[in-house]
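Two complexes, one shared chain (chain A), two partners (chain B, chain C).
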Partner chain A sequence: MRVGKCYFCSSPIYPGHGIAFARNDAKLFHFCRSKCHKNFNLKRNPRKVRWTKAFRKVHGKEMTVDTTFEMEKRRNRPVKYDRDLVGTTLRAMQRASEVQEKRAELHYVNRMAAHKVKAAVRARVEIKESVDLIESSEAVKEAVMVDKLEAQKQKVNI
Partner chain B sequence: MIQTQTIVDVVDNSGVKTLRCIKVLGGFKKRYGVFGNLIRASIQELRQKGNKKLGLKKGDLVFAVVVQTRSQLKRKDGQVFKFFKNSAVIVDKQMKPLATRVLTPLCNELRHKKSIKLLSLAPSIL
Partner chain C sequence: MPVYDLKRLAAVPSASELVDIVLMRTQRKTPTVVHPGYKITRIRSFYMRKVKFTQQTISERLGAIVQDFPRLDDVHPFHSDLMGVLYDRDHYKLALGQLNTCKKLCETVTRDYVRLIKYADSLYRCKSLKVAALGRMMTLLKRQRASLGYLEEVRKHLGRLPALDPSARTLLVCGFPNVGKSSFMNKVTRAEVEVQPYAFTTKSLYVGHMDHRYLRWQVIDTPGILDHELEKRNVIEMQAVTALAHLPCAVLFFVDVSEQCGYTIEQQSSLFHSIRALFADKQLVLVANKTDAKKVEDLDAGRKQLLEDMLSAHRTNGPGGDEMAKMVEMSNVTEQGVADVKNLACDLLLAHRVEKRRAYQGGARVRDRLNRLHGTTPDAVEDIRKVAAAARSEADAAEARVAKAAPRPTERDVMWRNGGPGVYSADLTREYIGQLKCDEWRTDLVPEIMDGKNVLDFVDEDIVAKLALLDEDEAEAEEGLESAAREAAHAALSPAELALVTAVRDKKVLNRRVAQAARGRRNAPVPRQARLRSEGAAGNDEDDATVRGRAKSAAVKRTRSLSRPSERDGRAAARAEAMDVDGDADANPAKKQKRSASRGDAHRSQSRPPPRDEQGLNEADQDAAREIGKKMQKKMNRMARSGEADRKTGPKLIRWMNEGKMGRGARNCR
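This part shows the complex of A and B:
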């Protein structure tokens, strides 16, 4: 069983799913679902479509350079079966995926840190621009308070 | 799905550009031709530099093997794929190609005894 990769959105394709298109130079383009196939037929570039993995990688939204990706690379060299080797490989795969997950998390945190600074700047600008709104509301509040006080005084006098 | 009146491109160096299918062969009341099916067709259009050796003319009747279809091909392992045009290769009744070259990749479905010669001519096999 081989799990393929969608040409458009890079999601895994399990057996029996999706469709492939054979170009005249014998290149096969595999698609995970009709959505991706249709987008391909519209001649859209996956790097420019926001929901694809390719877009996210190009625009720095996901980790791209990492040693853990070496594990996923396809090797066309046949390996002689060795029971111990299989065991160590399986363990290494698990470990590599753990490391990758952690690094991806860190990447996300770092990305969001820059985002936070930007958001703070934006908020400050907004406050500066619309400070009169806050001031006017304060004035209204004060007027209401004065009214209330006077009402209380009148009650006491009566 | 190739049926009567379907126009198919020719992907070999026989000097023919397009064919019009007039009958799908193989089977009683067979409607549609798929990969590897033999069809009877008439020559519609020739290429500018025709193959003089074969001497095919417009209106001639020929046999052809369907090698690419727009409709999808399903394999037993669940693989589904399709091509972007309908095309065929001109052969004789014994499925031997008349021309000497095949220009497009062919699919594995042609791998049976009669049409193995075609596969050997193809640039690559899917």
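This part shows the complex of A and C:
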């Protein structure tokens, strides 16, 4: 029993799920659900369909190169069972998935960093342009100025 | 070694023809349309293709010529020498070599120009480069005019050479000019060689065929040979010499006994001795010809002696060991001895060939085969057998002992002992005993899947090392995360700014909503008809005035159903007014309104339409109407209808393609 991988969306296919298509050149295509199967039949390219893993990887939304990925590799050579080795492997798998999660988070943060800066800039522009809409703007404006000053000071200190 | 068909060489085009062929082919087989507007890569490849194609054609053509013509080293030595004599060996080789060089030069030119075209930046440049490349190649081709012409001549001549098989049974006729060689040839074969009473009537080799003993023989007539040194011999004589030198055959040396040919027997004998070396290992028959004019017996002693010397000078390695050559008297005129000559020569050659064959099969061939065989005799076989037998008997004994001690229980026995079928379940893991590092592991349930991943994909000898590496990397990654967080904090908004921007945005939303409410577009838009109806219904209320005031609908005014009640009201009001003698008009403002409103129409018949300037919609309504019209049109446009009435359904099958008589042919034949 193996957990397969969907040809279209790359999600895991548990035993008893999904459908497989054998092309006349003997290539097998596994699909996790009818949605993926239908999309394949529509000749859609998974790299161009936004909701697939392939799209996300191609467009830099997710990690593609990482040492944790290298640990998982399909090995077609049978290995004799060894309790110690399997035990270590299971622990390693857990550890690897933890690490992978963290790295994914870092990847996300890095990806969003520029966006956050942009959003802040936009917000400041908006404040500047439309602060007059709010009553008692004077007091708030002053508060903002104080904040800015402090921020500048901090930067200088660092 | 390649096999050359000398008779069927392809014609060699002349230089100008070759140029035409190449250029025509390029023109016909490559695309011809290109525009300056195309992508430059496309233009470049267009011209590169032309240049390359031209070069390919040239290479193909010249290569074919070089390949087709026989290499002098590869053909039978007879043919090689003959061609060397006829066409001048050096000239022949040079001509072919020049074609080969030309081919290579064309390739170089192409390589250079294609490289240049790769960097050309416009159609014009590309084209100029192509023209230059083709021009240079054509110049190279034109320079091959002499070689090509020469090769064409050679080809033609080769085609006319007699079909001479060097390995067939051959009689070769030779001697001085005019001794009767060609006449003999005409007697024994049907070759019909030209016979004339002057020297060198026969200028090249002729081949005739005849049958003897149900075998096919070829008779080769050679031009006459004069008695002088080899170097002085001309092309015609050299052909005869070549044939003598290279063909395994029986030689008929013709001697004109009557000396009518103009050469004395002495001279003929001297020739014989000078070319005697060429007869070595061949069957020689000395033919004393023209015995009708003078018989051998009638010769004087000196001449007879010369003939004897000629005979004795030659030794054939025949079947009976060394044999003297034989002399036969013959006359072409009386046909006396012709058959004898033929029979003798044929028999001699045949005997020789048979002997040679037998010698090969009996001796050389057997030796050949024997060399490939290798025989060995294994020794000490007996010992091996003994050892094997001993081992076998020991093993048998051991097995028998075990079997006697405790017969091994079968799986079936075990099953019955443990409750029978349905109760007993076989322990398959027993097979693993001794296979694993630790026998107790054999009953382990090995996890296959964990957290959506295949455990087997992770099983690795170096997993520990990899994990350690991962942990190392992880420390760095955490630092990265922290620094990223710090940077983000820098860029982030302060709480005060956040409050402010939130307030600003909230305010904006609020303003937007207020504006929307003011526009009255909060609810779903009411269909126009429904609105009209409701407005019409409200026509009697006090709102009526405001409705009219807004000049909401001239259309409303025009519609009979709507206008009627108001006018009726108008009339009723008039009646009421008539009855109301007091005439207090101001007491009823609504009434007043109506009157003033209808006053315009007072002098106008009700059945008449309103004046032109009042007809139609005002500007605002026109816009609305246009919008509605557009909306109504949308669906029709989508369905490709010309209007509401367009309900046309086209034929699903095209009539002329699908009806009428059909034969048995395929449907797609129409």
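FYI, the second predicted complex is superposed on the first by the 118 of 158 C-alpha atoms of A that agree within 3 Å, B and C clash if a C-alpha of one lies under 4 Å from a C-alpha of the other, contacts with A are read in each partner's own complex, and residues count from 1 in each chain.
We adopt the following convention: a contact is a pair of C-beta atoms (placed from the backbone, for glycine too) under 8 Å apart; a residue touches a chain by one contact, two chains touch by 3 or more.
Predicted model, so just to flag it, every value in this text is computed and none were measured.
In the superposition on chain A, no contact is made by A:L149 with either chain B or chain C. With both structures placed on the common chain, the touch criterion links A:A22 to chain B but leaves chain C unconnected.
Between chain B and chain C, it is C that contacts the larger number of residues in chain A.
Look at A:M93: by the touch rule set out above, it reaches chain C but stays clear of chain B.
In the superposed model, A:N110 makes contact with chain C only, not with chain B. In the superposed model, A:R75 lies in contact with chain C only, and not with chain B. In the superposed model, A:T67 makes contact with chain C only, not with chain B. No residue of chain A contacts both chain B in one complex and chain C in the other.
By the touch criterion stated above, chain A contacts chain C in their complex at residues 1-3, 12, 14, 67-68, 70-75, 79-83, 85-86, 88-97, 99, 102-103, 105-106, 109-110, 113, 116-117, 120, 123-124, 126-127, 130-131, 133-134, 140, 143-144, 146-148, 150-151, 155.
By the touch rule above, chain C contacts chain A in their complex via residues 435-438, 441, 444, 446-461, 463-464, 466-467, 469-471, 473-474, 477-478, 480-481, 484-485, 487-488, 490-501, 503-505, 507-508, 511.
Interface residues of chain A, counted against chain B in their complex, comprise 15-26, 28.
In the complex of the two chains, the chain B residues touching chain A come out as 68, 72, 77-84, 104-105, 107, 123-124, 126.
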